[in-house]
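Paired with subunit B in one complex and with subunit C in the other, subunit A is shared by the two complexes that follow.
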Partner chain A sequence: MGKIFSRMGDGSALWLTEDELRQELLAGTEDAADRGKISPLNEDELERLFEICASPQKVVSVEPGHEVVHSFDAGTLKFPLRGGVPVDRLGTVLAHERAFCSDTFEVGHCDYSFKPVKAIIAEERQSMEQIQLNATIPVYYGAMPNLGLYTKPDGPVDNWSELLPLGKIAEAREAQEEALELAVKDIYYVCEAMHEAGADGINLDTVGASGDADFMAALRAVEKLKSIYPEIHIEMGMAGEFVLGMHGGLEYDGIRLAGLYPHKQLQLAEKAGVDIFGPVINTKSNMSVPWNIARACTFVKACSEIAKIPIHPNAGMGVGGVPVSSTAPLDAISRASVALIEIGKADGL
Partner chain B sequence: MGGVRTAGDLVARVMASKALRVNEAKKYVADKLGLSVFDLSDSQVMREVREELNIGHVLARPGGAIGIEAKIRIAELLDIQINSVNRFKSKLGLSLLNQK
Partner chain C sequence: MSEKEIIASAIEAIIDGNEEKALAVARQAIELKLDLMAVLNSGFSEGIRQVGNLFERGEKFLPELIEAALIMEKVTDILNEAIMKEKATGIEKKGTMVIATVEGDVHDIGKGIVISMVKTQGVNVIDLGRDVSTDAIIAGALEHKADIIGTSALLTSTISQQKKLEDELRRRGLRERFKTIVGGAPVTQKFADKIGADAYAEDAAEAVVKVLELLERSKA
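Coming up: the complex of A and B.
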């Protein structure tokens, strides 16, 4: 066998010998196992990953009958905004339903954060009502907790990113606690309106982007929503594989949030009432795609083994073993997807 | 899975509404439709099934259900609650108990 075509985590081409590919896979799973204190992939799983990564075909796939469903983040942002196609959100939803054959879809505002949506909730609700009349596939409403938006000058709270370098730890923590209370109120306000509009569910996306207080706001908001609307469906997609300890002292159900890896995040999401959990495993751009795929599968498998709810790992640019590129190559995307389904035992992507 | 071209939307609905893992959700849908799990992602099989049940498909046709009409049938067929269907019926003054 000649050299195997692969890629680096930044998307650039890479050619590996069989031995080099096996070493990359082993190193990737060992890195995840070491960081997450979880089991590495076994020999059979590594051998299957080798077959997936070494396939000479450009695009690989699962066997017929083993497909999983897709959910989205930033759904209606991608076609009209990122792609620049002049079509409204209803048209975007229907294009994804009838042309792209998406299993589900997600409507979001261009700011994609709960705080700015609050001011235009009537228009958002009206859009969701129209979309629900016309769409057959499940359509969620998605946005980020985005705690950073609550800091001055855009918000009322002192900026902890400015306070921390000054050594004002107590003040930084207090600011985050204040911001998370505001975020819980806003998330609840928007989600309640979208539920009343007929949304099939809520996608709390990029959770933890501002650290542990951001994750706490999402968990508390889910808990509150579920206590009042037990039937509401909530998907929680994370921002990164590791919860940053911007506060450091926040606990949910007695568990410190800072430093949690996906399988621990999942357990808290389940306790809060989340219905679908989307773990994120960051792609390292200076490591190979096989290394990143093995690493992602190790974390996702650790989630799947203990999950009581479906797992939809994020598999897109820069996460889930997919290269850090806005035009991620199909060869890499398809390999990461198959690996996450077959080895990670994902229920969806 | 292929959305309304296959049974992807149906599996996704059951997965969310009953918090089932993917294999359980597929079996649930297959049993309700009287099909095998393999058939659910076969666009040839599912086109005929979806058209016969009139639950929405990628191909538009006269009288073919889309949107809320298709979802009312899907809720009945899969015995699940669909938020927009419940609210639509509520607006019309129809009892949820009359869903079947």
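Coming up: the complex of A and C.
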């Protein structure tokens, strides 16, 4: 067998011998096991991963009957805004439903954060109603907690990114605690309005992007929403593989949030009332795609083994083993997707 | 207490974020007339490097990292004063680095961590901010007589600015005047080699090592 075509985590081409490929897979799973303090993949799983990564086909797929559903984040942003296709949100949803055969879709505002949506909630409700009248697939409304928007100059709270370098740690922590209270109110306000406007589900996306207080705000908002609307369907997608400790001392249900890896994040999301959990495993651009895929599968498997709710790992640019490049290469994204389903036992993507 | 034990205590104090202990260790090292540069470099600085590694693994968090850097500053002041008395000269700054997040990119958490870590190693670090144009970066480097220009880019759409900086330095005949180091999530060693940067660092801990190497090279 000649060398196997693969890629680096930045999308550049790479050719590996069989031995090298096996070593990459082993090193990837061991790295995840070491960091997450979880079990590495076993020999059978590594062998199957080898087959997936070594396939000479450009695109790989699962066997018929093993397909999984897809949920989306930043759904209506990707086609018209990032792709530059001049179509509105309704057109984007219908294109995904009728041309791309999407299982679900997500509507979001271009600011994609709960705080700015608050001011235009009436228009967002109207758009959701219009979309619901036309679409058949479940349509979510999604946005990010984005705690940074509550800091000066964008918001009323002191900016912890400025306080921390000055050594004002207590003040920085206080500012984050203040911001998270404001975020809980805004997330609740927007989600309640969109739920009543007919959204089939709510997607709290990129949770934890501003650190542990961001994650805390999302958990608390979910808890509050579920207590008043037990039937509301909530998906939570994370921002990174471990919760960044910008505060460092916040606890939910007695568990410190900073530094939690996906399987621990999942357990808190379940406690808060989340219905679908989207773990994120960062792609390392200077390691190979097989290394990244093995690593992602190890973390996702640790989630699937203990999950009581469906797991939809993020498999897109820069996460889930998919390279960090402007356009994700199809060979890599299909391998990552199959691996996350077959080895990670993901319920969806 | 032997020098070896003092060094081990210095590392431990920084990792634990124990200011009282760190200052006591520094004072003890002075009283015992130990090699203070060794205590600083192999003890306290090593502690900071280990904190950086723990942060990168999600086992230490930002406030702890900042706390450790602040303790390090206080320790350095004490040791510096003692060295000045002893040798009538202080711990010389190892060099000057300007650092910026490139134009079009406002992500600066990583840059802030790099600054905190590199400063602890006796490097004069000037933060030029975020979303900084190539012209402003070069002007900043000239103004501060920098040895190193560091740039960070988090987006695949902004890493081209790091290449633009290399090209612009070459175009203005300034390339040999500065060492350059690049970092950021989409940046790789391969990319750094391709654009002609002098160094690439994956994280803050590696940035410290690479910056010190670059300063050595620029003196050689």
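Structural remarks
Here is the rule we go by: the second predicted complex is superposed on the first by the 349 of 349 C-alpha atoms of A that agree within 3 Å, B and C clash if a C-alpha of one lies under 4 Å from a C-alpha of the other, contacts with A are read in each partner's own complex, and residues count from 1 in each chain.
In the analysis below, contacts are C-beta pairs under 8 Å (C-beta built on N, C-alpha and C of every residue); 3 or more make two chains touch, one makes a residue touch a chain.
Model, not experiment: these values are computed from the prediction.
If you count the residues of subunit A touched by subunit B and by subunit C, you find the higher number for B.
With both structures placed on the common chain, the touch criterion links A:Ala122 to neither subunit B nor subunit C.
Judged by the touch definition given at the top, the superposed model places A:Ile309 against subunit B, while subunit C stays out of reach.
In the superposed model, A:Gly318 makes contact with subunit C only, not with subunit B. Legend: residue contacts after superposition of the two complexes on their common chain; A:Gly245 is shown touching subunit C, with no touch to subunit B. In the overlay built on the shared chain, the residue A:Gly259 is in contact with subunit C alone; subunit B does not reach it. By the touch criterion given at the top, residues 1-6, 8-9, 11-13, 15-17, 19-22, 25, 37-38, 40-42, 55-56, 58, 60, 65-68, 70-71, 74, 81-84, 87-88 of subunit B touch subunit A in their complex. If you check the complex, the residues on subunit A that touch subunit B are 64-65, 67-71, 96-104, 132-138, 195-201, 231-233, 235, 275-276, 307-310, 346-348. On the subunit C side of its complex with subunit A, the touching residues are 57-64, 66-67, 70, 108-109, 112, 115-116, 156-157, 185-191, 202.
Contact residues of subunit A toward subunit C in the complex are 8-10, 12, 35, 161, 164-165, 167, 169, 172-173, 211-212, 242-249, 258-259, 261, 282, 285-286, 317-318, 324-326.
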